[in-house]
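The block underneath contains the structure these notes are about, expressed in structure tokens.
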């Protein structure tokens, strides 16, 4: 028995090694774009939706002109498992596959962890929705097309105070998570500066029970719960707030812009409002094309959470791909260094708005965010307004 | 700190769910001296099975079927991963348990594709009700009641049936029980069957309260239930239940304080270390003496 | 004759060791970025941690699951002390103020790593006082709990002026070369190996084999368990610092129980009680899970079956097979040496020949 | 002659079971003393009290004139205590087994407890660890080569004496039973004891081996200047070798004296015949 198992194992190993070696070669000119996204772990769901946007963009435009020659664009996805210690190896995998530019990642933590690997390899990376300031700060190779935590937190505070007229807020964030706590920090700063009152609460990783925290919020007299958490918790918070008939607005950030939330909110008496990068309906052509593409493939449908609603991160992924193509065209080269140099001057107007990188860190110049509200009857997002810092 | 009836209700409900998982731990530990790290994952798997079953059939068929499938899973894990190691050192078995846990989580990840799965709402027990001015789901009230009923049944089973007697004998002295002609494997399988069945019930109640299943959903409740089992005195069923309620309530009381809410898990473990150091046998455990 | 062949084997061992270093230097020279370099770096980090865990679990028989906690302590200590003073304002950008000592205390890389080990060791000593008296699985669960508690404190924003919670610590100096990782890991592992071979190592093994007999032989259980626990934690702390370097950021969220389990599985695969086994297993484990098996995640290998996550399923199934059927792991409790390899393969050939002969005789 | 080991009023109670009841005895320097009694009489328990494995419920053990173990009924035992001489002792001295070994009390085990993953030589070396002069630092960084060499030399010397030098590199557990017993003795000797406690050293040996053992015990006593206190069932060995004998039954001392007295003691014969014939 033992011997048979040993033999099978050995055989498997051999097959593995051969399979790993066998790479096909074609004469086609190819340029590779790496997709550095989580497909598992805490940010798996978001990472998948972002990847879908990139893949759709690739489906729309699978080639690029360089020096008058048509290059085929090949996407190289890799799963960083939402884990810091897996991120460098995942990044190295992309380096090994000789990608010219990298897109991603959903979740700032893994982007920071992988940053050095890209830097050493001289490969430019374009952050799609990683909003932490540290991703690009002091880096000449990491760009990003989204707004940052300080911006988003401030926007939400202004919106809650000025537009919704709330004066007391309660914040919920996962401890030790720089995304949650960063937004909470900037929100609190801005909200109290305006004259509002904020109570901060945190919960630990893998919490399922938010009853107590929601009760605390209600007891504190809060009119709004600001909960910029990951989707995993968002769903539970919506469920439990609804079950409690809590009379508060749930205000959240881009992570909540997901059909998972809509599904959870459907038919319930909850008020959910989020900031986001893109509003469905913002670009009819993109909307229709993306939906058709999602519905045309069952795997895509699953990855998108079971329906064809458009997550903002997908739209961002879509734009990121085209930004990369613009840079490649501008560089007129497949060489990562050339693309990196070209990226600084790229200007592109995508479905999520105009994208242009600032000269300090390579962050996109974004001055507005979209606010939208969950419609609990139709399970769709209703557009509320565009909100800036002021 | 601002304690209200909500906090207590949440605590009791969570305590009941921990209790149902804790029994699986305490029974297995009592008999095999094994921390079955995979138990929490069986609990999670049971939740996933419901998610997938309800897409194919109505709830009234899905629920009995899920109980059966979870039991089979527990039974199969014992046969495949623990039985071959019966003569091996305890550390090997524990490592095997960790391996099984790792495997189940990765399988779940593969199947779900890493997306959180929404647990179906079960009519009636998912409805919101108002008690003493606190709004909650009906399941919150049902959980502790159902837990107590199941435990009374279980204690009766262990006390008055033949297999129950065999279980007690095996947990007292494994070798002697074997020599007395007790079919050890049957007893162990039964233990796993009962443990998994209760975990499946616990899973139904838990995920009805928190309608999202991810591959790691089982780890924390599992670990805490184990702590509850140790706290109550491992091997003792009433101990596990009381321990679970104490931990569930304490945890929610801590959560009611904004400043210390983030220590709710840490508190559980600090309590565990404290109990182990002061009274290693827990509240209701028996003392054992090493033979020299 | 015998001594002569022994000497030859010893020389080959040393040559092999140098060859390993040579590989590191070669990788640095010819492919400084890319998977081989990254995998080797991570392998070296995990080798240190796995060996330190093996010292405890394999050689002293103390089943501890606190590794992630000690690594966290090491990673934070290293990062806090080695971030350049001028960079601190920007790293701690969200904090209102910095803890006083952070304005002055900066350590170079190696002293900061030693500090990382020392802090982990101090905590190990404090937690060891109550928990080391516990029996096998109780000890496991208590140390696991300890790791969770450490994590909770590291995330506590009240300690933010020190730990920068909830933001990660970044911008500290990092080793860039595989060779550096190898040398540091090599030194750590060599120290542990020397300890294991010393009279203290024998005392540890005696405790593992039979506590009561060991005590009757005059071995102070509490003291020796503590020595093992503190030493192991020291190197876990150093390993934590190295992991922090590897992943360019130190943050409590990445030091999870899952990390401890991973290291435990490496120890098991390598063989509980074999240091060289742990080292070899670390590299194999990392290479398999993050390099060689990655193709299983691509959908076109076996359509319908392979997709994201399949790699981990296969991988965990293989681990289960090892745990169940090859419980002794790669090396059992033996250490790797060319002599053993040659003898082993000779034995294998002989066995096969015997079998064939037996068959022919039939 | 001064007494090296002295047990006073030792009572060991587990729950409701009194395993040793008010046992007092003395072992003088240079003597070979045997403790005999039917199975379950509490002999090994007495050994475990002397070596610090169990804290007695009541009583005192002195070694070389110093109290090494002393206790009185406390905690749960305050009420449950069923032994005698309550109230004589006020202090609690709880030395751990390793401290007692360090003072010069070594033992062997009834159900052999060798270190199973170690070679014969290593088993002996472990026992020398306690008397080392090196510290953690010097031992790890090979600064104690001289001491290590000396330890090995001594260990080999001991192994030669017990006739195990030729198997020094074999796994301890691979040895035949008789050799394992001798290795246990060698290991105990390596702790440099003054008093050696042997727990059924002849168990499972044939008459010839037993005779060899008798000579062996005598020889080590003379050579190392030991005092020997042993538990044994082989009456030939006991009568042949012992200077004095203590007999216990149901935890109580029922007879004491030189071998000739014990052989003719009616109470002893009854106790033995009442339990088993071949004992």
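Note that the chains are named A, B, C and D in the order they appear, and that numbering of residues resets to 1 at the start of each chain.
The definition used in the following text is that a contact is a pair of C-beta atoms (placed from the backbone, for glycine too) under 8 Å apart; a residue touches a chain by one contact, two chains touch by 3 or more.
Note that the coordinates shown come from a computational prediction; the quantities given were computed from them, not determined experimentally.
Ranked by how far their CA centres sit from the centre of chain A, the chains are topped by D. Closest to the middle of the protein, by Cα centroid, lies chain C.
Each chain gets one centre point, the mean of its Cα atoms, and the points for chain A and chain C are 33 Å apart. Centre-to-centre spacing of chain A and chain B amounts to 35 Å, using the average Cα coordinate of each chain. If you average the Cα atoms of chain B and of chain D, the two centres end up 47 Å apart. Among all residues of chain B, those that touch two or more other chains are 109, 113-114, 219, 262, 265, 292.
Shared contact sites, meaning residues of chain A that touch two or more other chains, fall at 39-40, 175, 202, 204.
Residues of chain C in contact with two or more other chains: 151-152, 155-156, 212, 307-309, 312, 325.
Contacts from chain C toward chain D in the complex involve residues 191, 194-195, 198-200, 202-203, 205-206, 208-210, 212-222, 227, 273, 333.
The touching residues of chain A, counted against chain C in their complex, run 1-2, 5-6, 9, 12, 16-17, 19-20, 39-40, 78-79, 83-93, 95-96, 109, 112-117, 120-121, 133-134, 137-138, 173, 175-178, 180-182, 185, 202, 204-205, 299. Listing the residues of chain D that touch chain C in their complex gives 51, 53, 96-99, 101-102, 106-107, 109, 113-118, 122, 125-132, 134, 136, 139-142, 144, 148, 151, 187, 190-191. Within the complex formed with chain C, the residues of chain B that make contact are 33-35, 80-81, 84-85, 88, 90-92, 94-96, 98-103, 106-107, 109-110, 113-114, 219, 223, 226-227, 230, 262-263, 265-266, 268-270, 272-273, 276-277, 280, 290, 292. Partner chain A is touched in their complex by these residues of chain C: 32-35, 37-39, 41-42, 90, 93-94, 151-152, 154-157, 165-168, 170-171, 174, 176, 243, 246-249, 251-254, 259, 286, 290-295, 297, 299, 301, 307-309, 312, 318, 321, 325-326.
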